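I have placed the structure first, in the form of structure tokens, so that the comments after it can refer back to it.
For reference, chains read A, B, C, D, E and F in written order, and residue numbers begin at 1 within each chain.
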Amino acid sequence: MRTDERKEDELRPIHMEAGYVKHPEGSILITVGETKVICNASIEDRVPPFMRGQGKGWVTAEYAMLPRATQQRNIRESSKGKVSGRTMEIQRLIGRALRAVVDLEKFGERTLWVDCDVIQADGGTRTASITGAYVAMVLAFGKLVENGTIKELPIKDYLAATSVGVLSNGSEILDLCYEEDSEAQVDMNVVMTGNGEFVELQGTGEEATFSYTQLQKMLELAQSGVKELFDKQKEIMGEWTAHIDRNRNQSS
Amino acid sequence: MRTDERKEDELRPIHMEAGYVKHPEGSILITVGETKVICNASIEDRVPPFMRGQGKGWVTAEYAMLPRATQQRNIRESSKGKVSGRTMEIQRLIGRALRAVVDLEKFGERTLWVDCDVIQADGGTRTASITGAYVAMVLAFGKLVENGTIKELPIKDYLAATSVGVLSNGSEILDLCYEEDSEAQVDMNVVMTGNGEFVELQGTGEEATFSYTQLQKMLELAQSGVKELFDKQKEIMGEWTAHIDRNRNQSS
Amino acid sequence: MRTDERKEDELRPIHMEAGYVKHPEGSILITVGETKVICNASIEDRVPPFMRGQGKGWVTAEYAMLPRATQQRNIRESSKGKVSGRTMEIQRLIGRALRAVVDLEKFGERTLWVDCDVIQADGGTRTASITGAYVAMVLAFGKLVENGTIKELPIKDYLAATSVGVLSNGSEILDLCYEEDSEAQVDMNVVMTGNGEFVELQGTGEEATFSYTQLQKMLELAQSGVKELFDKQKEIMGEWTAHIDRNRNQSS
Amino acid sequence: MRTDERKEDELRPIHMEAGYVKHPEGSILITVGETKVICNASIEDRVPPFMRGQGKGWVTAEYAMLPRATQQRNIRESSKGKVSGRTMEIQRLIGRALRAVVDLEKFGERTLWVDCDVIQADGGTRTASITGAYVAMVLAFGKLVENGTIKELPIKDYLAATSVGVLSNGSEILDLCYEEDSEAQVDMNVVMTGNGEFVELQGTGEEATFSYTQLQKMLELAQSGVKELFDKQKEIMGEWTAHIDRNRNQSS
Amino acid sequence: MRTDERKEDELRPIHMEAGYVKHPEGSILITVGETKVICNASIEDRVPPFMRGQGKGWVTAEYAMLPRATQQRNIRESSKGKVSGRTMEIQRLIGRALRAVVDLEKFGERTLWVDCDVIQADGGTRTASITGAYVAMVLAFGKLVENGTIKELPIKDYLAATSVGVLSNGSEILDLCYEEDSEAQVDMNVVMTGNGEFVELQGTGEEATFSYTQLQKMLELAQSGVKELFDKQKEIMGEWTAHIDRNRNQSS
Amino acid sequence: MRTDERKEDELRPIHMEAGYVKHPEGSILITVGETKVICNASIEDRVPPFMRGQGKGWVTAEYAMLPRATQQRNIRESSKGKVSGRTMEIQRLIGRALRAVVDLEKFGERTLWVDCDVIQADGGTRTASITGAYVAMVLAFGKLVENGTIKELPIKDYLAATSVGVLSNGSEILDLCYEEDSEAQVDMNVVMTGNGEFVELQGTGEEATFSYTQLQKMLELAQSGVKELFDKQKEIMGEWTAHIDRNRNQSS
């Protein structure tokens, strides 16, 4: 039995609220159990220097936590004057994951920024960020379609992420909360697309290891969890779901 | 007539939600019109080096904005590697204002941090931060009283802040929204206590000046606005209001 | 009676020396009691990025102290690798104050920098900096007029600053020296123009407050002090005084 | 056929030279094809602050490249004043991987640092670093055993790493060189122990995805590659191989 | 003939003013031609970490220029967030030079800081800094002797510095001003003691070289220049000159 | 007798290996006794901003040490976020020295970077860097000649560097190893050209001084050492030696 009485293959309650902040082109407050992340997508009319002149767009992400999103207050990275390795790792992961389902050729020389700001942390902040950032990105691109800037939604497939792990008693579980994450021997983040393929797989045993059999079980849990997340995303993306389905059919 | 049809001496709608984030000792989401700020108060069991060994506590504040709290996305200060002059000015102001109504002798060698994170900005973020930070601080000290760490609330008086200004047509107004702030010739932030005294007065004419008469009118508007803010604060502070009143009577 | 036997409304002795450093377009060593500040004004033939292409100029200031300007040696901000919040606050204040009396439309796409370097500190360094920086600026613009680069002095009015405060015995005083400043409950910096209007008003009670009556008395003291400063400035600005008077008459 | 005529399951030639630098407690120059990394292990007689007073040791790694290890010269991270996200990600990975096979309880409050400095880069620098760093670490702990500082080698198992990937023609390959890495759709780094378990699995599709079947094929390739690496490591670790085998038997 | 009509072996006019700033233990304004440097010596009652517990003192220096000490305004190093290589080189040179004539054993675990701030630059700022810093240091140690903190002046000998160079016409000259320095092929800074020995010799040909014969001539010029500087220093050090002479006799 | 039984005028064994790293245009591993430095020369097709539009090239150097090049591990400068004064001083010295024998007019608007990375340190790393960097530079320019980018080798003369010093027993010695360097009273680095002239002379007495006679003896030792270094360099530069000789004859 898990600390919050969930079954091993049970996600925490998910909620997404669109338009949480008024200025961004796409804004989502995603809640996964007690974890809350604001995902704001912004469109900028230029690309970073290394992309210029190619007629293509770019998608990138930034991630941060409020100092008191956690049980102990953390020093702000702006006060320290540098971004931690953990933060960099997470924002690079979010950016790569989003780019895997975007057609960069189809929105001109623009940058889509997604800012994932963790308001309250209780485990799984990076996978909640990816799941919410995807929706914020779709809404922002939708706005470009609506105002005629681009012709079609440059989104090739669905995208969501969850975590799986192995507890010290050897059981594999889905969607670890903070308490479970602290106790787990193995922690794996899985990012998947609507067609059941992997985008990112990051499995780590800190002072521990895991077997091929454990890997298989964890991937099965992840797969079932991600499917549920897709359903939640579709609800909130409304009409854009049909656009994505059309793009998926064309590419297959 | 003002852009949002308010009268000259009319505040925007104010709302405060306590316990918005679960970890901090005191947490308030304050909404002033379209401006939203999360104010989280944390207690740390030590003081900064310059205060050690005096048996006294310290109160300090940090302020930040989400990158897309504003109409245009701002670069994160953590990415730039330094905190801007504007941010420093604001967080120093919030800290000084709070300290004016706290009895530092009465909560031991502890630091109370208040983090003010602007989720959405529409003018008046620094005054909304002070007004919300005060309540978050009272709730956090209240928790120390409840769990017996300290005997009484170390709060000497009420504290709230608002802005006043002079529009280019010469009219003085209370509580400027972003559009008004951009257009105003003079902008003044006023921090006041429950006994009607000033804690901070910061009036600035960017490429403009103001007369003694205009100053007087602005201060009257500020005074009436701050009184309304006290009423809102009292509602949400509940039983702690009585503690503060008791402290005020004792010191007078 | 004050520590240096001054009356409550008495300024410390003021002295300004023009041409103290040979390279700058305008250079003033201002001495206010024991406080000494070198104010060097430089003209640069371009404006910062946010001002480009508008055909207007910009005025900005930087402020620093020699490490041993104070009783205890301070670590250099260049060694620390960052500028303190206090320094940023002061240099933003000086820049805003100067811009209030400059017509940015009248000197082309140029930047006037004023560097205020405190050689010796005894209280009131920021107000001495503003008073000296104004004269250095006038002399630098004067040089542009003399060499035919611009047609007229882009200065709309006089500008000077002083401090006022409330001692712990409740008396209001003008132009606080360091010892008084350390002891004062309230400290207010006032920047005024030749026509008696306010440019900046920054009143602060660190762990204290002040009443409306005290504010009124402080502003009266400031007004009388600033008038004396204008006389000192006029002496050293020589012929440029007539230019400024002409500009004042035209705009009224 | 691969660019360098290798078979799909063929590693590049591996070479390790012990004692390459004279000062470190353990020093290895590892060559994997054209990739060359100096791995220097140092023992420090204290642990980082977060580990103090627990009677345990710590293992950590740093990673860097010479500016001209690559085809284009890179700017030094010391000149830029900050460590890149890529560097942080890699050095965190190396440290975590090493800690998975070390018994931190068995070498006192000491830190083992491994510095991995890439002299020449041709793909696979992070996996070559892990493979070489493991040997440098064993040699350094061996020195502590030899001089009597600790009683037994605190190493629980073997450890090595390699990369696998999917080329754009869909074929899975082992040990990608730079040219293959640039062209590949999927890149996966696999860190394994002597008992065939995973320590880290990091699979990434930059603007691409991979199926469960592809994952399985890649993991088989990785498994066979890592076995060869263990043989190379054993040759150079000499007598310490027997110590590690003894530890493995005891724990099983 | 030189640009300012000096002879080849002629120093520029030298002036030193003691007590220029009131707070430091020793304060000198040194003027060498048009070059002006404030040298402030401060005593701190502790030594840097690497010196602790040895019962010895330390002497160190910092060097900076006001932004407009030069013909073109320079960006402040505090704004850039780092100290330039040139500044570091100069302050390391000043510190080493001073330590060569100080007996670190004779003033306890204290640090003597000398801050050399260039107010106006016209060539030779580093040698003027050394010459002035020596006097400021002597005066600061003198204060420690006077107030009984230490028994005797911990100064072993005199110390002064000057520059020599080779112009493009091949002539060797003493004490280069800025114009000469810009044109010279070779520039050499020479720091010498009262007994005619060298402390530092830094000769540089930027895109040029110099012969042994030229070196000899330059060193003769330097030697004569430094003797004159000693005379100026003795005038201003007053009674401390006798103390230094006594120390010199004892050690010979 | 010296610690390693060398005579006073004897260099340590010198070895240079060309092509040590494959990517750079010129790459040398130089070994001087136990000191090992990789010197990589890179050509970049542009010059730094201050050189643009003059039709000339630029030569610059960077210097670093692996953390464990020394007996104690050093913290990386990239982790500290800033380059030390010592590193800056050394890389400025290497760059100036190289430029003294290069004709910047003869290779277009290009930058030649030399990266000197110390793999193992045992004294004399800066002089070994200069001696090796010169050869790497010649080989890199040679490549530009070979591929027809430039017509002739822009090298005016030979260049090498060594150190000399005075031990505490008063004897002058050539080419100090680390142990001697730590013990020496005086340390002097000498950079010379093939025609016997000086490029740089940096003599330093840390808490000590040296006489004119000692200077003369040290310079004689340096001269004889540098001649040997030229012979070693010529061996490895092969055919380019003839080109340099031709350039030397033309300029004389």
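What we mean here is this: a residue touches a chain if its C-beta (ideal position, glycine included) is under 8 Å from a C-beta of that chain, and two chains touch if they have at least 3 such contacts.
Remember, it's a predicted structure, so these values are computed and weren't measured experimentally.
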Neighbouring chains common to subunit B and subunit C, by label: none
Subunit B to subunit D, fewest steps along touching chains: 2
Repeated interface matching B-C, over half of the contact pairs identical, chosen among D-F, C-E or E-F: E-F
For subunit A placed onto subunit F, the superposition rotation in degrees, Cα atoms, nearest 5: 120
Remotest chain, subunit A as reference, centres from CA atoms: E
Distance between the centres, which are taken as Cα means, of subunit B and subunit A, whole angstrom: 34
Chain centre separation (subunit A, subunit D; CA means) in Å: 29
Approximate Å spacing (C-alpha centroids) for the pair subunit B, subunit F: 61
Centre-to-centre distance between subunit E and subunit D (centres being mean Cα positions), rounded to whole Å: 52
For subunit B, residues contacting two or more additional chains: 81-83
Ordered ring members, subunit D first, subunit F second: D, F, E, C, B, A
Residue ranges of subunit E touching subunit F (in the complex, touch as defined): 82-86, 88-89, 91-92, 96, 99-100, 104, 188, 193, 195-212, 215, 219
Footprint of subunit F on subunit D - complex, ascending: 21-24, 27, 34, 38, 40, 42, 44, 62, 64, 66-71, 73, 76-83, 87, 113, 115, 117, 119-120
